[in-house]
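Here come two complexes built around chain A, the first alongside chain B, the second alongside chain C.
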Partner chain A sequence: MSDAPLMKVEHIRQEFAVKDGTLRAVDDVTLTIDRGETVGLVGESGCGKSTLARTVLRLIEPTQGTIALEGRDITKVPQRELRAIRHRMQMVFQDPYGSLNPRRRIGAIVGDALDLRGVPKSEQRTQVIAALERVGLGIDHLHRWPHELSGGQRQRVGVARALAASPDLLIADEPVSALDVSVQAQLVNLLVDLQRDLGLAQLFVAHDLSVVRQVADRIAVMYLGRIVESGPTDVVFARARHPYTRALLAAVPIADPSRRGRQREAIRGELPSPIDPPPGCHFHPRCPHATDVCMTEQPALWHYADGGRAACHHPYGVSAADVAAASRDDLASPAAAGMSAPDPSTADLADAGETPAGAQA
Partner chain B sequence: MAEATQPAGVPASGTPAPAATANVPDPVAAGLWRASWRAIKSSWAGRLSLLTLVLIVASSLAAPLWANHVADSGPLTNHLTDQIRLNGELTDVVSFEGIPIGPTGQKRFFLGADANGRDIMVRLLYGGRNSLQISLVATTITLLLGTLFGLIAGFFRGWVDSVISRGLDILQSTPIILLGIALGVATALGGINLGIVKIPGDSLFIPALIIGVIQTVYVARPLRGITLSLRERPFVEAARSQGATNMRIIRREILPNLGTSLLVLAPIIFAQTVSYEAALSFLGAGVQPPNPSWGTLISDGLDVLVSAPHLTIIPGAVLAAMVLSLNLLGDVVREAIDPRGMVAAAQKDEH
Partner chain C sequence: MTAPTAPTPAGAPDAASDLLLDIDGLGVAFPSERGPIHAVRDVRLTLRRGEVLAVVGESGSGKSVTALTLLGLTRGRGTAITGKAEFDGIDLIGASDSQLRRIRGKRIAMVFQDPMSSLNPVLRIGHQIAEQIRAHEGVGKAEARKRTIDALTEVGIPRAAERVDAYPHEFSGGMRQRVMIAMALVCGPELLIADEPTTALDVTVQAQILDLILRLRDERGMSVMLVTHDLGVVAETADQVAVMYGGRIVEQAPCDELFADPRHPYSWGLIGSIPPLTGAKPEYLPTIAGTPPSPLALPAGCPFRARCPHEFEQCAEVPPLAETAGAPGHLDRCWLPIDEKRIRRAGADGRIGLLHDAEATTEESA
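So, the complex of A and B:
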């Protein structure tokens, strides 16, 4: 096995021609997923996380950038060849109702992956049953129709369909956001079990940080097509540096009435249009700490010593020593060459002893 | 690439699932045929129209039985100079003045005779056989061609869609009866000769082929629209993400979902076919005399409309009953399996 990460996407840019111009859904995103690792991709609706997930699978062709599976560049691989390796990367879709063909039985849906790999019909049945049992369904679901199942069961079928292909990477695009909260927990547990038992790598896309926290080893936070913060899950939850991440964390409800009075870091305004994004740091119109530099200069993604990365000119809780030890992520644009370092002095005045909400839990 | 300019699939990230449609109980889920059958059984319109259809079809199928064992006369046999015993009296089948006998209610000439002394009942039954055969073959051709073109145009979009859609425009821009007459007259004389395939001019397959082809547009248009929307559904993306080819997606994902539309369209198309067949045969461009069909029977009767109106009225009534029941049945089925009128909507917004 090579040293290369299971999946590495670099400088991915995804643009769509729309009526009013160009919509840049994903803007220079670099992301790696190692074997057996779960990466949580978090962000608001419309920030480009689903688009990124689809780009990783080449369900949408990237406008720019490279996608490498185990070090092999698959960005330009022709569709015919791509089909042959698709079984290694499987997807679980957001909508458990739409993603199962209403006119096909569960057995046929789950068996597709096997059929496509040329597994003989005689062996398909046992493997389909195995996949169904793996997700908590069974042989009696084999001949059911999708409409006979509940939302949670359908989503399990979606997972079973992905598992039947014996993938190395599972891309889950908001797999639980269409489900009831009680069912969400079951499915999240299932995905955690799968990662543990099968060593499955996952890209887990969600807008709910509390869900991501349960499954992800690492977290990447997206805002308007860019990754603004990433790092190991504990680091992001304990020491979020980007004001956007902190706002997201503050929005996670806490079941503790004694902390009800805590100060909220509410985000002002709406998500700007990705067709006409604000200059500089995309977040500056909504950021409580924005300064002049934020309006003109796009912040680089800085790598800090604890593994956390943040693209912010005024990160929280960062000392001058941290900045000195930090290294910078390359940006695709040449304009990024002369970028200024994060400013540790302004960070302290913003952070008046308050820790991000998530750090308490 | 076509995908890149398709904004529909772009900001799909956080948008809620179409839960509204998912919560509506899907009548189709219970099975198309079962749902249709239940609806037909439970409404008087459905029961009546189905009964009428079964009667017409069964009696048409039984035409040789009636001809050989009851009427003792073939559909083309003349009895111009024969006499039959009516109320104990010998009566001319066709009177000296050329007026044919009216309905007798007896085994022979049950519904009377035509101007050539042929048994109307026998001809009506055989005519029904011809009309139904033609309509069945024509409807099958229409559904097959319509599905093929609609599916290909809707699935591949782009220039393929443009070529097919403009072709359908041309077909539709021609008055359908006029086109049918033109093709019918041309082929009735020489038949169809394609080298390997030779069809004689008096073959029933010719009107069936003509009607089948000219109606394609009525199926292709709605199916194109439905395919266009089906191909954007998440389960198609799921199949693609698993490495399914276009052919496999068409066969396994799209085609099974066209069942509703086809079942809604089939009775309407069949009814339309029956009336087109009658129209073309009436105008001499369909079934060629002396072969009977509902259309030719009406046409034959027209010559003696005043003296023997039953010659026109009887086949006309059967034709009307057939078309009416098919339309009624079609309505019942449509309401049962397509309550939201998606097929009708796809028929309307064609572009």
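So, the complex of A and C:
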């Protein structure tokens, strides 16, 4: 086995032609997922996270960039050949109602994944039962119809179907957001278990930051098609450097009334249109700290010593020493050479906690 | 835990005497081929002027049916609505449809979860809002338009004078929800019923909309009944909370009190199953086994007993919604004695109790 990461997508660009021009849903995104690692991909609706997840599977063909599975470039592999490796990357969808064929029994739905792998029919029943048991269902669900199951049970079937293919990578797009709160926690625990017991790598796409914190080893935050911050989950939650990440974290309602009234950095305005995104840093029109450079120059994704990365000209809590020690992704664009280094002058803002200077309470 | 501090809602100087909504023994049963479906049973709620009451529950808990019933929106052939629901002394259950029409949109307004399907896609939003003003108040077109623009400005829609002529599809989800709120508020209602008003929105937009609702409550002394499944939203906004399960209220308390000292095992589970955003990460989230029951197949007795790890013989009977001595205003529907509850809760999930945990533990050991 090579040293290459399980999955690496580089400089992915995904464009769609729309009436008013080109919608760039994903803009030069590079992301790796190691074996057994869960990567959380977060952002608000329209940020491109679901598009990126589908591109990784080549459910959508990328406009530009490469997708490599264990070092093997699969970007141009023909669909027929792709089918032979697709069982290694399986997807769980958001909607437990829309993603199961209502006219097929649970056993047949899960069994399809085995056909993909060429498992003989005679062995399928045992493996289907094993997959169902793995997700907390059982033999008595084999002959049931999707409509007989609750939302949580259907989502378990969705996971079982993915597992039956014996994948190395599970791509889960908002797998719990359609479920009731008490059922969400059950699914979250199941996904954590799968990572632990089967060493399954996951790309977990979600808008709910508290759920992502529970399951992910690393997270990447997207805004208007770009990754603006990434890093080990603990680093990003404890020391978010990008003002967008901080605003996103501050906006999550906390189930503790004693923390009500805490000052929060409210985010201004709404997501601009991805068809005509703002120049420079996409976030600058909504950012409390934007300066002239932010309006003209796209910030590079700087790598800091603690493993965190942030694409911001004025990151939080970054000292001059941090900047000196920072490195940078090899940008495809030669213009990258002329980019400015992050400005350490906002370093002291980190002490201000949730109320950085200039923020709107 | 000793007497909770009663919340003093802003804009209501003499809250105790200012009862706006009084619901008692409310029941709603829908007809079905298999007999009546009891969606709501024996609901008792009060709401004072300027207060935010959160009604929390999962699908099928009866929270939305309760809200819709107040506006007469569950009326229909064969629907049995029983009990009392009085708004400022007006009987909402017995009121005729035309009486209700005069109240609805004028004194009680509603905001729904999905702003896209609640707006008419082929009519300009200004037209839809102005229609409401003209239906309730005998004002001219020009006056209605001016008030519509004012209302849109008040809820934070930029360039309201231009946007008033836009169609719903020209707005983002968050802006559409602002339009819905402007429409709800344009006649100056005393009560706003908001059913999952932010569920379809992103968190940053959700925070803006909740802040907006709270600001309007403060400025106008309006009461809010917030129907939601999200305990985070509840903790950020509510003065009073009612937790519903299987059509019944299972716990009711001032907001601080509910999170600090939840009494019903279902509340423990709900609070416990939220992944924390800060602090230590639990290895596993505490969960409630099973799924919320369908109103078609509720167990006899306590509605939660099928999923409750603390079930015992007495649960075959429905427990009363009872107040515990020493905690006025904190009611729950569970047979376990209060001391037993505290012991079991500590065993069920150490994280529940939040910041008041130390205090609660001290009292337990005393």
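Throughout what follows, the second predicted complex is superposed on the first by the 346 of 361 C-alpha atoms of A that agree within 3 Å, B and C clash if a C-alpha of one lies under 4 Å from a C-alpha of the other, contacts with A are read in each partner's own complex, and residues count from 1 in each chain.
Definition applied: a contact is a pair of C-beta atoms (placed from the backbone, for glycine too) under 8 Å apart; a residue touches a chain by one contact, two chains touch by 3 or more.
Everything numeric here is computed off the predicted structure, so don't read it as measured data.
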Fit or clash - chain C, chain B, common chain A: fit
Superposition-derived angle with apex at the Cα centre of chain A and sides reaching chain B and chain C, degrees in steps of 10: 80
Partner chain(s) touched by A:103 [first = chain B, second = chain C, both, neither]: first
Dominant contact partner of chain A by residue count, chain C or chain B: B
Partner chain in contact with A:185 - chain B first, chain C second, else both or neither: second
First (chain B), second (chain C), both or neither touched by A:59: first
Chain B versus chain C as contact partner of A:51, first or second or both or neither: first
Which superposed partner A:270 touches (first chain B, second chain C, both, neither): second
Which of chain B and chain C A:202 touches, first, second, both or neither: neither
First (chain B), second (chain C), both or neither touched by A:124: neither
Which superposed partner A:112 touches (first chain B, second chain C, both, neither): first
Minimum Cα separation, chain C to chain B, after superposition on A (Å): 7
Touching both chain C and chain B, counted on chain A across the two superposed complexes: 44-45, 207
List of chain C residues in touch with chain A within their complex: 58-59, 172-175, 202-208, 210-211, 229-236, 255-256, 259-260, 269-271, 273-278, 281-282, 284-289, 291-292, 354-356
Footprint of chain A on chain B - complex, ascending: 1, 3-5, 7, 9-19, 22, 26, 28-29, 233-235, 237-245, 248, 252-253, 256-257, 259
In the complex, chain A residues that touch chain B: 15-19, 23, 25, 43-51, 57, 59-61, 63, 82-84, 86-87, 90-91, 93-104, 108, 112-113, 116, 145, 147-148, 158, 161, 165, 174, 177-178, 205, 207, 274
Touch list for chain A against partner chain C, complex: 44-45, 150-153, 180-186, 188-189, 192, 207, 209-211, 213-214, 237, 247-260, 264, 266-267, 270-271
